[in-house]
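Taking it in order: structure first as structure tokens, then the write-up.
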Amino acid sequence: MAVVVQNIERADQAVIDRLAAAGVATVHEAQGRKGLLASYMRPIYPGARLAASAVTISAPPGDNWMLHVAIEQLRPGDILLLAPTSPSEDGYFGDLLATSAMARGCRGLIIDAGVRDIADLTEMKFPVWSKAVFAQGTVKETLGSVNVPVVCAGASVRPGDVIVADDDGVCVVLREEAEAVADKAEARIALEEEKRRRLAAGELGLDIYAMRERLAEKGLKYI
Amino acid sequence: MAVVVQNIERADQAVIDRLAAAGVATVHEAQGRKGLLASYMRPIYPGARLAASAVTISAPPGDNWMLHVAIEQLRPGDILLLAPTSPSEDGYFGDLLATSAMARGCRGLIIDAGVRDIADLTEMKFPVWSKAVFAQGTVKETLGSVNVPVVCAGASVRPGDVIVADDDGVCVVLREEAEAVADKAEARIALEEEKRRRLAAGELGLDIYAMRERLAEKGLKYI
Amino acid sequence: MAVVVQNIERADQAVIDRLAAAGVATVHEAQGRKGLLASYMRPIYPGARLAASAVTISAPPGDNWMLHVAIEQLRPGDILLLAPTSPSEDGYFGDLLATSAMARGCRGLIIDAGVRDIADLTEMKFPVWSKAVFAQGTVKETLGSVNVPVVCAGASVRPGDVIVADDDGVCVVLREEAEAVADKAEARIALEEEKRRRLAAGELGLDIYAMRERLAEKGLKYI
Amino acid sequence: MAVVVQNIERADQAVIDRLAAAGVATVHEAQGRKGLLASYMRPIYPGARLAASAVTISAPPGDNWMLHVAIEQLRPGDILLLAPTSPSEDGYFGDLLATSAMARGCRGLIIDAGVRDIADLTEMKFPVWSKAVFAQGTVKETLGSVNVPVVCAGASVRPGDVIVADDDGVCVVLREEAEAVADKAEARIALEEEKRRRLAAGELGLDIYAMRERLAEKGLKYI
Amino acid sequence: MAVVVQNIERADQAVIDRLAAAGVATVHEAQGRKGLLASYMRPIYPGARLAASAVTISAPPGDNWMLHVAIEQLRPGDILLLAPTSPSEDGYFGDLLATSAMARGCRGLIIDAGVRDIADLTEMKFPVWSKAVFAQGTVKETLGSVNVPVVCAGASVRPGDVIVADDDGVCVVLREEAEAVADKAEARIALEEEKRRRLAAGELGLDIYAMRERLAEKGLKYI
Amino acid sequence: MAVVVQNIERADQAVIDRLAAAGVATVHEAQGRKGLLASYMRPIYPGARLAASAVTISAPPGDNWMLHVAIEQLRPGDILLLAPTSPSEDGYFGDLLATSAMARGCRGLIIDAGVRDIADLTEMKFPVWSKAVFAQGTVKETLGSVNVPVVCAGASVRPGDVIVADDDGVCVVLREEAEAVADKAEARIALEEEKRRRLAAGELGLDIYAMRERLAEKGLKYI
């Protein structure tokens, strides 16, 4: 059952970068409001924004052995994504693993569990989105798998899917849909720019989006 | 059932400003320790402090249509306050709505649900106190009401009541009690100043507040 | 039942300082992964790191009377640690108590409940690790005890035990084990330095820790 | 601030009994989906269903003194409803208080906190809907109020409002709307009876409610 | 985006029945400890045990329209499984929908949200495993999809996969693995029978599983 | 670090039985309201009530190896009590382990984690108080300890301490205080009997406990 898939397909780097520029909220809308991880996934420091190909890890509770295995599978620009097989807040990852991952070109970590050494990680500018911050260490006793499909914080993620993460949270984009989503996201941004200008000038959404008639039809009463 | 109340009474702006200066913890004490919203209501960035009149919104879960309706009801200096009719973490509000609200003079948002685009909102200096940060968008399908009484994060809020919010959380002051509460809050601050000076000099609360005798009466033993 | 123990033993200050330098994650590993408080204990601002002897408080829910009693028992370099006798998020502690505690040389507060006035505490550089931020005040009606053993956020703490706290959370070290733990923590740090250098140079943990053979034995398959 | 309001108005008993017969889910729908307490309010045993006039209690955390005061205010057929002024799971209520309340004709208890002696309460057939079961006792040190408006588990409740409770949870009906709600609830039940018969016979809701056209208009595709 | 997939493949009924006989804990072990839904999914009454093919529903928060659509897609022996697109506790399902579903041969409901009318559902013997019991109703305004892959309570489920549910919770078995899992589950049960007999006679697991040597090797000390 | 302490002291069986008769709420009051485990510890079926000497287990997350070790240390009348070293909901214990434990005279299990096979355990009348019901299995890879002091669900427990458990939850009594606590508990029960009789006859707690004067002194107003 415990496997390491060594060759995974990744989306085009230019597409990944376009998704990073769009950010989580826009990407999520652009792909039809799917793929969002649970709201408890929070960044360890504000201001990070990235997109990257996921190297996925299915790990036992309180056992970070597979992180060492996964780091070997990283290519520059990838992100690690770990889902425990049962709920855990243990601190699977700290500054040593981050040093190793950064040396392999890793962009960050998404972990549905705990992380530690966050003062160091912040200083290293290694971004992590996690369920918890917890110094509780882990063991290296039980196998898991690397680059298999996982469910992470309520979202289904396959190896090579694109992870977009920023202060709003984390979103996964199917690898094969990445380009289309980037197109739609950029279209949204273009549209929003005009709306933002009109809203900033004091026009109302009620008028810009022509909502008044539909509100009246549904029965809204002004009193 | 779905109504928009267009004319609401507000407290005097000078009184509102005095409540802002006092801050949540002092105002809460000054009004007899009532009106506090639940502790899960946290600011999206530290350092904001304000007081403002509430434009209230009762909204369906995952539906932000009424926010567009409410923005038209804002007067400069108001704050939006949204309570969903059932628990929700959805991101009802982002940078476009904030742009629109700011153009109408809105001071911020209190929302017993989620918010998104928080990097932008932070840069815009539009403060939000929310239950969650979540990029999950909403629809515009079902009516709610604007400027009706709501229960928000465990506190009862009527339109025009004064909301005080800072890093400690959020407190509601009844409009008709606002002036009396401001008076009491300022009296507390004056009293505290003297106590702070004495405590900083090393005097003990046990002595300043004359607690030793009552502690002994209740049976406290030193060993 | 309500007692104040006035003379407690403390660890050697030099040892305490060595534990502060090591930090929570390293100390926790060094003492065999025990003594960690629950992950919900979070600092009110990032960047604080300290170690100090605990003056413990067992307090009723929503009653902060014993904090005044405990402050008299502080010696310079101590930390206050409060465990309520039943779950509470009330704000037991604010800027006045912090002013008083700082005047007695107190380093900070660990509280399995709420804290308030956090903007002031942040400005005063008085660090607090708490379960909640909540402006809800407390009363002074019921006795508790000072300097008795308590369970705080899931960890057993005796008066005079050493508390280590930083951005990763809070850990307790038994007073009589403090020196041995400091020795082991420093040994770990020395070892880690070499590993960090090798990992930064691109060597893999799989090789540094000689994991490949054991992974194969356990049945890990590369595909 | 601490008051006991001695004379409160109650709804007509016949109306209250009609609401009991309708049950929580139907009453909630009938009054426009409002007034529901949070889903964490669960009965201590299955099968109880009742409606009664609320004698409300605002109590400090971990202090059940006001329950003794409230029991004197009960009239036969009333229900006690307690909201703590800050979150608490303490066991405010057990078999002795239930014995006293039953002797005054009390129908049950709604408590946004803890309850204990639930084996006895179950045997006595005294129903309780609570946030927690917890043997942690309380003190009698601090005043609260009886028969004042409270927010209980997220719902606003005034003394004399009608509480409907069953296995689905708890709902509050405004005293002055009780009769109209009972009428609407009974109308719903009558309508549902016919629908239930048709659904049981295998007809589809899609056809009974004529949904197919609207689904198609909204864009639902069958594939 | 909103689709109804009308023809889904199902596992063989005899295999499904064998999985029901094995129960959740055994099936979960037999398939390599995967596929378990989160522990918050609890049955509305004790004692139900079943296995069935999933008709899946992806529904907006607080909107149960798609349940009506899904019921038409049921075949006798199926189970409904609903995952909201964002977290919700609303009561999507009650006795009328259960009446309709039972008329179509439905075995039960798995819902990562709320359910209501549970006294009626219990009497009807219609089992439901849910995240919450909540009388809060829903609307019929927004489309979702039927028979698409979903993530439900942390587990990935495709239409036609086999759901096994009992008092221990809920587990999903991939349709194409159902027969192999049933084989392994029955093999486990046969093995366990012999172990149960020996354990009941007082033999120790330490001896039956020959653990003593490995424990000593790992360093366990008896003192 | 991993040890099994083989000979522990236990309280007198007659005393233990007296504590069982008194029940959790009374025992907790009788010993000065201490020793209660968190309210999330719930029984898998209603109606069980027991007291027993604790055989304690400190176990890694998701690893139940030490349960096998602990069962050998049981004497008739003991109870198993497991605390994981970091938070876990995994199902450490099921019907096979219960069969083995019962064969050694074990009375039940207290576990700050998950349990499974609860339909079987209910039928076997093997009571369990747990944090969760979860079919997620565990491994046998990492050592823990047996009969060492632990913190379980927020309470400190030493091997041989007396555990009292019923529908209200779980309480620990220090072995050396067990007899004194049993005496006090019985005295409380005797006192309560008279009070119950008077309350059942309609006398008020306000009068029986002479509360009226003190309420007036504190400032309670009747209006």
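Labels A, B, C, D, E and F are assigned to the chains in the order they are written; within every chain, residues are numbered from 1.
Heads up, the rule we're going with is that a residue touches a chain if its C-beta (ideal position, glycine included) is under 8 Å from a C-beta of that chain, and two chains touch if they have at least 3 such contacts.
All values reported here derive from a predicted model rather than from experimental measurement.
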item	value
Set of chains whose contacts include both chain F and chain C	A, D
Inter-copy rotation, chain A to chain D, in degrees (Cα atoms; steps of 5)	180
Residue-number overlap at the chain D/chain E interface, same or different (half cut)	different
CA centroid of chain D to CA centroid of chain F, Å	31
Centroid distance [mean C-alpha coordinates] between chain E and chain A, Å	28
Between chain D and chain C, distance of the C-alpha-averaged centres to the nearest whole Å	42
Multi-partner residues of chain A (each touching 2 or more other chains)	33, 36, 39, 85-87, 89, 134, 136, 142
Touching chain combinations (by label order)	A-B, A-C, A-E, A-F, B-C, B-D, B-E, C-D, C-F, D-E, D-F, E-F
Residue ranges of chain B touching chain C (in the complex, touch as defined)	23-25, 28-29, 33, 36, 39, 42, 46-47, 49, 166-169, 171, 192, 195-196, 199-202, 204-206, 209, 211, 215, 218-223
Chain D-facing residues of chain E, complex	2-6, 45, 65, 68-69, 71-72, 89, 91, 94-97, 99-100, 102-104, 114, 116-119, 122, 132-137, 140, 142-143
Residues of chain D defined as touching chain B within the complex	1, 32-34, 36, 38-39, 85-87, 149, 151, 154-156
List of chain C residues in touch with chain D within their complex	60-63, 85-90, 134, 136, 139, 141-142
